[in-house]
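The following pair of complexes shares a single chain, chain A, combined with chain B in the former and chain C in the latter.
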Partner chain A sequence: MAVMTESALVRRRGLGRRFGGNKAMTLSIGVLTLFVLVALFAPWLAPHDPNAVSLANSLQGTSADHLLGTDQSGRDVLSRLIYGARSSLLGPLGVVVGATLLGVTIGVVAAWRGGWVDTALSRAIELIFAFPGVLLAILLVSVLSAGLKATVLALAIAYTPYMARMTRSAALSERHRPYIRALEIQGFPAVSIIVRHLLPNIAPLVLAQASLCFGYAMIDLAGLSFLGFGVQPPQADWGAMISEGQVALLQGAPLSALAPGVLIVCAVVGFSLIGEGVADRIRRADR
Partner chain B sequence: MTAQHPVTRVEKLRRTYDHGKVVAVNDISFEVPVGGSLGIVGESGSGKTTTAKLIVGLEEPDSGRIFFDGQEIGTGSSRKLRRQRARTVQLVFQDPYQSLDPRQTVGGAIDEVLRLHTELSTSAFAKRRAELLEQVGLGVREAAALPRELSGGQRQRVAIARALAANPRLLVLDEAVAALDVSIQAQILNLLSEIRRETGVALVFVSHDLEVVRWVADDVVVMFRGSIIESGPTAEVLQRPEHPYTRLLLSSVPRLGWDPAQVSQARREFLATQ
Partner chain C sequence: MSDALSGALRMIAKRLSALALLMLATSFIVFSAMYLAPGSPESFLARGNSVTADTLQAIRDQYRLDDPFFERYLSWLGGIVTGDFGQSLQFRQPVDDLIASRLTTTATLVVYAFALILVSGIVIGVVAAVKRGKVDSAAIIGTTVAMGTPSFVVAIGLTSLFAVTLGWFPAFGAGEGFLNRIWHLTLPAVALALSSAALVARATRSSMLAEMGKEYVETARVRGLPESRIIWRHAFRNALVPVVTLAGLVVSGLLVTTTLVETAFGLNGMGSLLVQSVNAKDFPVTQAIVLIIVGVFALANLLVDLVYPLVDPRVRGKVGA
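Up next, the complex of A and B:
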């Protein structure tokens, strides 16, 4: 899983190219919107209580009552998937929002001030970058306590370098464009130039990067849940469900582990496609 | 107001690059009278743009002094100083597209400068905005447009309107019409003469095109390799050039019976004497 963080942005190209650009993006937006709606309306959509244990019904196959069968503890898999959408989407969202706020601030300040400020911030970013995100998460969990909050916080820090680096280089090239220089010699305050001109102009790039990070944060969080550091039982979560489904997998009832896996893959691919789609559009607009 | 002072006077301005290896501007001095217009001509690389940047404060000189209305402008780059300077002198770039925020409407760009440099009431603000747009011949449609939706000539009008919004005493234009076709060039040049007559703003007009300078500038300085080699009233300098380089520049202007080979030959001969 730690490898994921390393390779996250190197893999940018590829997927988006293979499927026709626009259709893939529309489909992704559609699928992800569906996921969000499911998460929002989980109590109305779920046919059963996701945490209702019924050992007598353990590991049942699909039936009219349990469309996707039941897990080890006899809980309805479909209901757990529906409720699990909440933590599975909120977790990465927290990571990405945190990393974006932190990373964009660091990147913009470094690019704008330059000199020793840039050097110091860049060194700090490299330091965090050198530290595997998952290791950081495990460390933080041992200090705080296991759970979604600690892992999200740790991954937000671990993902900050990706946002900061991208922002810094985008802001740096923007900063030296004549229109920014023109605003500077007018005597506008730096903050107003940054907020009103620089940020809006690099926002699409930031958005593309954040979208890519979302997918990878999802994988990392699922991995941490799988290892038992993230979401704690009995709360439903796709990553945790895969972990809990291991035994079921061996006993020939693969659905309870497979279904959340498929959803994670769909979400990750969806976010990557959106990220690449936005990045592609920027490249085309720049030409 | 100290009417006897020129709006701008520069004294022995010098600017080098690459640790002194490239002397872009070499101890130049000149002045622009209130409401006057000065042309700066010279071939590519002669230091025209650097001079323009020094005047508006985009570059710091290595040595030399710049006066506005008889007062030396403070060195340093605090925001207050920059703002003060911007209310005296404004630059119009060669490529207006580069100097406008691609995501900001034309009207927004003008409003922003107005808000920074003036303290107008809401009604006076709207009036001034309309006045500026009218002055450069832009309509309501253009005001709502983004820079990329406008033609080159329209963008240059926007850049001029935005520069005028600060109510400067001096407008520096760096190759402001070089990228435009001839008829649009004429329109912009007429516009500038008109604005100068109406508002009394002084102009520094940087150009490699002698015909353009002849049209707008009362006085002209000729630059060669960072130095001023000839200066005087435009008509005089262009009629009876004293320096061989000025004569060379004049003979380089394409016209009937013009022979590029002959010009290059003359240029080589001139450079050999330097």
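Up next, the complex of A and C:
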């Protein structure tokens, strides 16, 4: 890890050039961009009201009017998928942003200050590591109440150690490089050295880690919604839709449960390919 | 040897005390979380019925809800040390009995899934590393998708195909008797195992690739040893170390994922009990299961460190360090 972060990070290149090339990565970026656009423009794209219940139309197959059929309550599956993209993407985004802000702050402070600050922060991080993310979320839900906010908050805390550990080791190897020393000797304040020089240099690593975390956060959040702890019905969400579609699935109408499952898999695989791709580039540039 | 042994013992003692400290911190976090929770347990116990102040007081006395925080924490902790997790609010029976009755299903499921993970993960990883080419590409694509597929999505996919359409396996229940139980738990075990098996396959593959490129493998080939012997007796032994580390992490992750799989397949295990107890605000059960899962999590990591010397003789002398 320490070796990997050494020299690659001194050279800074535009994000655009980092992303090109790799086919799997290009495809992933395409698919995820599509998902984001669908989430943004959901009201214009959805053919039906996602929450319009019509029991007379329960569990219809695919037709021109309902391209992916209807669910148990007669709601249009395609429209629910389109609207569900919103909470299904916003939730993991909240987790990753929270965990990144918290983790990078902890990691940089621990690496910069060293000594007892480092020891104390590292111990705290280890304690959180002992809690699996989903378990922490379940614990918080049982204390607060079920909902997207509580689960996002819990997962942001649970994912912080991953960001903090990575940032700490990357910042530690940067910390002792000559350019940082030179800036310190010139009397620049620590905050400005960190913000203007150290952070931009570890940014690609943070980005790769954040992208990997996004996929995992999506799996965990969808799982929590599946258990009924996350997004609450009738709001459309891919994880919750799978749970709602289970009864229909057992009756031989699997589409309303399988379709959101496929979308989750596409999104998660996309994010992990991007994360691996960025990490790969950093490693290759290092050689 | 005796030096190594005493070193190992010292390491175990150190790790066990760290484990005890972790469990203490966890128990405190879990207990205070439940203490701070809004909504009072006695209103749940009264089940929405309007009860007299006397009855409420009786309930408060029975569960010692009026005692100060630390007194309650210490008595709860004292109970746990002697193996008494208290009374379940929703089932009105001791938490220990409740968990014990659910343990068989969860334990069978986890062991079954773990066996699937190790066997399929290692075989796929070794074959991909040895054959390379198309087999390798297929393995990489397959494991990438499998790693990105959440257990409950696998669960509904399997249910739809093998239970509803083909009717080969039951969609619900845990079954009675050993064979029947295995039959019932096959789909849940596969759902639980898939993404972890892919992870193990990946780790095995890259570890095997690194070993197969080393000089001793070349030497063994030059000496004319059969290829299968080189792969399994030489390269694989050395490639196993990172896989063992991962396996420890995986088995502890399985316990959490059982909540999803058990819910998806309607199994009466510890995971679904956790979900039920959170929904019912049955705090004593929630506390107990969270504590058990964190404990197993930590214990699995300790076990991995203890198994290391068996897998890799090179670290035997350095255990104490």
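The rule is short, and it goes like this: the second predicted complex is superposed on the first by the 266 of 287 C-alpha atoms of A that agree within 3 Å, B and C clash if a C-alpha of one lies under 4 Å from a C-alpha of the other, contacts with A are read in each partner's own complex, and residues count from 1 in each chain.
Everything that follows uses one rule, which is that a residue touches a chain if its C-beta (ideal position, glycine included) is under 8 Å from a C-beta of that chain, and two chains touch if they have at least 3 such contacts.
Treat the numbers as computed from the prediction; the structure is a model and nothing was measured.
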Chain C versus chain B on the shared chain A, clash or fit after superposition: fit
Considering only touches as defined above, state whether A:268 meets chain B (first), chain C (second), both or neither. second
Partner contacting more residues of chain A (chain B vs chain C): C
Under the stated touch criterion, which partner chain does A:34 make contact with: chain B (first), chain C (second), both, or neither? neither
Would you check which partner chain A:101 touches, where first means chain B only, second means chain C only, and both and neither mean what they say? neither
Contacts of A:131 with chain B and chain C, given as first, second, both or neither: second
I'd like to know which partner A:185 touches here: chain B for first, chain C for second, both or neither. first
Please work out whether A:117 is in contact with chain B alone, chain C alone, both, or neither, and reply first, second, both or neither. neither
Taking the superposition on A as described, I'd like to know which of chain B and chain C A:223 touches: first, second, both or neither. second
Figure out whether A:67 sits in contact with chain B (first) or chain C (second), or with both, or with neither. neither
Kindly classify A:197 by the partners it touches after superposition: chain B alone (first), chain C alone (second), both, or neither? first
CA minimum distance (chain B, chain C), superposed complexes, angstrom: 21
Chain B/chain C common contact set on chain A: none
Touching residues (chain side chain A, partner chain B) in the complex: 177-179, 181-190, 196-197, 200-201
Using the touch definition up top, name the residues of chain B that touch chain A in the complex. 56-58, 79-86, 91, 93, 95, 98-104, 112-113, 116-117, 166
What part of chain A is in contact with chain C in the complex they form? 127, 130-132, 134-135, 138-144, 215, 219, 222-223, 226-229, 242, 245-246, 249-250, 252, 254, 257-258, 261, 264-265, 268-269, 272-273
What residues of chain C sit close enough to touch chain A in their complex? 22, 25-26, 30, 33-34, 36-38, 144-145, 147-153, 156-157, 159-160, 163-165, 171, 252-253, 256-257, 259-260, 263-264, 274-275, 277-279, 281, 283, 286, 290, 293-294, 297-298
